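You will see chain A twice below: alongside chain B first, and alongside chain C after that.
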Partner chain A sequence: MALSERDKVSGHMTTGHEWNGIKELNTPVPRVVYIFLISATIFSVTWTILMPSWPGINDYFRGLLGADQQAEVRQSVAEGVAERSSWTDAIVDEDFTTIRADPSLMQTVRETGKMLFAENCAACHGAEGLGNPGFPNIIQAPTMWGDDPATIMETIRVGINSAHDETRYGQMLAFGRDQMLPLSDVDRVVTYVQTLSDPAIATADNAEDIGEGATIFADNCAACHGETGTGMQETGAPNLTDQYWIYGGDRSSIRHTVYYGRQGLMPTWEGRLTPAYIKLLALYVADLRTAAK
Partner chain B sequence: MFGLHYNLERNAIGLVLAIVVVAGIGGFIEIAPLFTIDETVEQDADMRVYTPLEVAGRNIYIREGCYACHSQMIRTLRDDVDRYGPYSLAVESQYDHPMLWGSKRTGPDLARVGDKYSDAWNTAHLNNPRDLVPESKMPAYRWLLRNELKTEDLGLHLAALRKVGVPYTDEMIANASIDAYAQANPDTNDAPALAERYGDATHIRMFDGDGARLTEMDALVAYLQVLGKMTDAAYQPDLPEAQ
Partner chain C sequence: MIADLTRAERTWAMIIVGGLTVIGLAMAVGGRNDLLGVHGWMVMIVGLAGFAMMIRQFDAPEPDPERLQHYYDAPTRAGIILTLIWAVIGMFVGLWVATLLAFPDLTFDAAWASFGRLRPVHTSGVIFGFGGNALIATSYHVLQRTTRARLPDQISPWFVLLGYNLFCVIAASGYMMGLTQSKEYAEPEWYADIWLTIVWVVYFSIYIRTLMRRKEPHIYVANWYYMAFILVVAMLHIINNLAVPISLGSAKSYSLFSGVQDAMTQWWYGHNAVAFFLTSGFLGMMYYYLPKRAGRPIFSYRLSIISFWGITFMYMWAGSHHLHYTALPQWVQTLGMAFSVVLLVPSWASAGNALMTLNGAWHKVRDDAVLRFMALAVIFYGLTTLEGSFMAIQAVNSLSHYTDWTIGHVHAGALGWVAMIVFGSLYALVPTMWKRPKLYSAKLVEVHFWLALSGTLIYVFAMWNSGVTQGLMWRTYSESGALTYSFIDSLVAMHPYYIARAIGGLLFLLGAIVASYNIGMTIRSPIAETSDDAGQDLPAQPALQAGE
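== the complex of A and B ==
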């Protein structure tokens, strides 16, 4: 290794390495790098003293500033609740008629309701609430449990066939699978049910089937769906005479429903949503239903 | 001080030793918080363990890479808490090996998705998300309904989890495969024993709507339906940390 020497042009030392007369400069690291390194080190050590950091034997050092993310978020959530209380209080305290007559409050219901609906309800009922196969249209179709906001609120609160103790309970029995009706009767009653919403199904050929289907319907189905098949809000049984179907209105879907039964589940939202939000969603849905009429 | 570094660079053995020391400091700082983990994880005596079917579902969740798009941790931020519910606690992932907190949210956080939607919705949505949410970009996992669930090795999975601290009993491990079937078939004679082993809060039902077959869909939906439901610790804000 050749000895290092001072380079005449730059004034810096060389490393002492030489390749065909070219020598490598040993330029010192710029001072600003040292300054940055030292100040960053000082900052990090200070930060560990201010914030929770060093582990001990039984505990850890909590930091001089007493920072606690959980306490911070609890406070910031509480602030949010306080900010919203200007209108959540009104939603909780006022009755439905008063709120619906208050344009500024309804403006809040529509804006906040849209977000709440998108986050919690749209997955099943669709972004516009128009339903999906297996999940009812809650904007245009007749309601199963009742049309007024108080009933809608109760459904959101306890759910249907849900884990809630007071859940609404509704079940379409499996008339075919559980052998309550012979297969031929299942087919006849399906034909009759089709005629309820689509009278064009009835022809001279199937008049006998439809007549027998009507008797089977009266004996087995009318208790829940009503004598005319328009549904009953006490049982939550849907209207069979309109064009809205939860599980499909074609023959094979209806037959599947009669044969295997149905037991849709609407989760309970109590605990997940605050009472104010549940009421707000009921108002939002009722408002959309009114607008759709 | 910097002259020391200059000289160190010229001494191979000394430089290697110095690198080991400096890297050791970095390693120590990463490991040190684990020394006090018993003091930082909340205690909850009622914390449930995953049933064999839920463990199988969790394995499918990992296999399909769900964690790449869904986190399972509600952060201590107001927006997160307002949208998803109480922030996640360490105790809630106490029996998660490996944890699936994630840091990427292409889809929503799933830490409290349990019981948020019905089994029928979860099944239809996993089968093809666009059947229910037209604008969804989540892939369709159609094979979950087709594939029979492999259950014969579930006892081994439970035994492995016990090795890393999940309190499974010998009885749970011995009955793992039977319990997996029983959980998705409420009418079997084995269901009461399952509820006795894992608690009355255990969901016992046909998750994919078909009682005749035990599919991967059963397992994954069973797992999704307990997320955030293993303990109610997060709903008790001042749960004491162990001391």
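== the complex of A and C ==
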């Protein structure tokens, strides 16, 4: 054990301990550390006196300021609702035509709708609403259930094939898998459906298939998709004659659809979004559709 | 390694690896319909490999009794190499997940390569693989030098080092297979936790048994910190991992805690893992290698004492600041914040004690990149603890929580403090351990220093910007009182910062590779003819004697 000695650089004495050449100075704790410690402690103790803090057996000290985090959240939510009621009330009360004619209200619809759409709709329908495989393009394509704002609002409210009691219900039957059509008929009707949107498919070689396909279509498909395949909003069956496809318009996708059927899902937003926000989103989508035309 | 063991120790080692083989077999059979079985086979292969090595060398000559007159440094040497291997692995996976965040398609549609599975490989790889091995390796060295006693035996240090690495491998491979308790930094499942507990108890016993035989009247401050690290981590690990496996043949278990109690237990663990693993342990490292390298006495023994007890006492109560504005009762949040604020005082006292120790040696900091690594580490330690206490204040936390600011804060600590003090200490330690006159290249240490510093700064600044941007976007309201930005808008805004973060991480990884090369070449360089301190670096107390 080394003896205590004076360090030349600092002028302080060492403690006299030494470990493998490491020594320690016996420097007193600098005053600044005590000042710092005392002020930090005063701050913290004061804070615990002001705010809910020290626990007892059955309860805790509520703090002199009577702060309550949960009450603050409730109050701040209520204030937000009150602040937004200046326009949410108008959205709920006015009819669609009046709102769409009100430029300042539509400004709010466009700003807020953009955020609401990105948070709630974009995950399936895409950031621009242009659709993804399995989820329709809701901006450019003809809608399945109707594209006036009131119908769009109803679709958002109840969803499609959703858990809502009043859900819209749409099902494409599994004609192949459930043996409603023999495989050869599935192939023929698929060829016919292809010609609806792409007449160039028809050649002299497949004229017979297409002819039989048309008959099969009239017997099995027209009830929902319409005689001409242009879709029916009463059944939610899509238009087959345009260039928009939910599940793909190539032969193998169409064949998959006819064979296995389809049952898309759109969740119900009632209860998850306020009536004002549902109506606002309907206005927003209708507005985008108008702009896209 | 085996040649160092006495015949009796070899027998014990046979029993241990044999037992490990049997445990592995039992896990493989019991868990044959579960991923537990895969780990069973891995454990069994490790056990069998150890058994085969023991058999081959079992009849080798008894070790030279003269060895007991020296310190036992072979486990430290192995630990240094393992530290470097884990550094490169852990930081590479870190770079990978950072790149994934900027370019999410890089998962190749493979489950094991998804962000959720790779992220814990990164965190455990750097914290436990890199940091843990560095702590074990340096603690063996510091413990012996500051007690002037040789480690008590030759088998338990190996058991701890290799057993710990087995835990790390089980943990990382489990994450990639999808095995997790979903507790941050405590992801490994019950059987890995039990194994680590055994390893950890032996680790603590090595400390106690060596300290009891010390030939110095006082216990050096570095050992207080290393012991706090070992003891508290044991306590945290055991309590947070209390869980019931669904069966002994299944890897899955359920925590004993649920709801907000579970969250509080987890963050009591999580925060104190930062405190006692990433702070206390590395402060122990700093308290030995920094004054040793600087050739200066510790600035103040008294300051060491109050900061040690300050850190040890205050940290314990601060965990609830991870749960501000959650279901956690407000009074617990207030107390967490209050303790976190006071915690800054002992943290800065430690940093100040280290920096003041450098008084009289600042010219060495300028000229010697090894000491500069340690000095910079202390500065980052000071900055990070200031930031930590600041972020624990509820009003600040309401902006910073759930944002990349937290990630920036953690990496200021992990890269700036933990990794820098490790690399500085390893550079100081390696020549002595392998009895080489000096490092292979001082220039490469300089290169590493600047890579590490620039990588850390790029990383931390990118995350500060990203975090504050996120936090502000999430709370921006339009004039109509609705949120202005959707969540996806904030993701788009972060993209450039995520690329910058990956570049910072790449620089840091390159630094670690340079360090590994430099240390590898040092080991391969010719041995010193006569070491400067030959004849001095010897224990006063040899290993545990029969009847002791």
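We adopt the following convention: the second predicted complex is superposed on the first by the 266 of 293 C-alpha atoms of A that agree within 3 Å, B and C clash if a C-alpha of one lies under 4 Å from a C-alpha of the other, contacts with A are read in each partner's own complex, and residues count from 1 in each chain.
Definition applied: a residue touches a chain if its C-beta (ideal position, glycine included) is under 8 Å from a C-beta of that chain, and two chains touch if they have at least 3 such contacts.
As the structure is a prediction and not an experimental result, all values here were calculated from the model.
Asks: First (chain B), second (chain C), both or neither: which does A:133 touch?
Replies: first
Asks: Based on the superposed arrangement, let me know which partner A:150 touches: chain B (first), chain C (second), both, or neither?
Replies: neither
Asks: Contacts for A:111 in the overlay, against chain B (first) and chain C (second): which applies, first, second, both or neither?
Replies: The answer is second: A:111 touches chain C but not chain B.
Asks: Quick check for you: in the superposed arrangement, does A:265 touch first (chain B), second (chain C), both or neither?
Replies: The answer is first: A:265 touches chain B but not chain C.
Asks: Of the two partners chain B and chain C, indicate the one touching more residues belonging to chain A.
Replies: Residues of chain A touched, chain B against chain C: more for C.
Asks: Could you look at A:23 and tell me whether it touches chain B, chain C, both or neither (first, second, both, neither)?
Replies: In the superposition, A:23 touches chain C alone.
Asks: For A:55, using the defined touch cut-off, is the partner it touches chain B, chain C, both, or neither? Pick first, second, both or neither.
Replies: Touch status of A:55: both partners.
Asks: So, A:64: does it touch chain B (first), chain C (second), both, or neither?
Replies: In the superposition, A:64 touches no partner, neither chain B nor chain C.
Asks: Answer with first, second, both or neither: which of chain B and chain C does A:80 touch in the superposed model?
Replies: both
Asks: Tell me which partner A:40 touches in the superposition: chain B (first), chain C (second), both or neither.
Replies: second
Asks: Give me the intersection of chain A's contacts with chain B and its contacts with chain C, in residue numbers.
Replies: 29, 54-55, 60, 69-70, 80, 119, 122, 127
Asks: What part of chain A is in contact with chain B in the complex they form?
Replies: These residues of chain A touch chain B: 29, 34, 54-56, 58-60, 69-70, 72-74, 76-77, 79-80, 119-120, 122-124, 126-127, 132-135, 163, 264-267, 272.
Asks: Please give the residue numbers of chain A that touch chain C in the complex, ascending.
Replies: 1, 7, 9-10, 14-15, 17, 19-30, 33, 36-37, 40-41, 43-45, 47-48, 51-55, 60-61, 63, 67-70, 80, 83-84, 86-87, 108, 111-112, 114-116, 118-119, 122, 127
Asks: Going by the contact rule at the top, pick out the chain C residues touching chain A in the complex.
Replies: Where chain C meets chain A, its residues are 145-146, 148, 216-218, 220-221, 288, 291-292, 296-304, 306, 310, 325, 329-331, 333-335, 337-339, 341-342, 344-345, 348-349, 352, 356, 359-360, 478, 480-489.
Asks: Using the touch definition from the top, list the residues of chain B that touch chain A in their complex.
Replies: For chain B paired with chain A, touching residues are 2, 32-33, 35-36, 39-40, 76-78, 81-83, 85, 87, 112, 115-121, 124-125, 131-133, 135, 237, 243.
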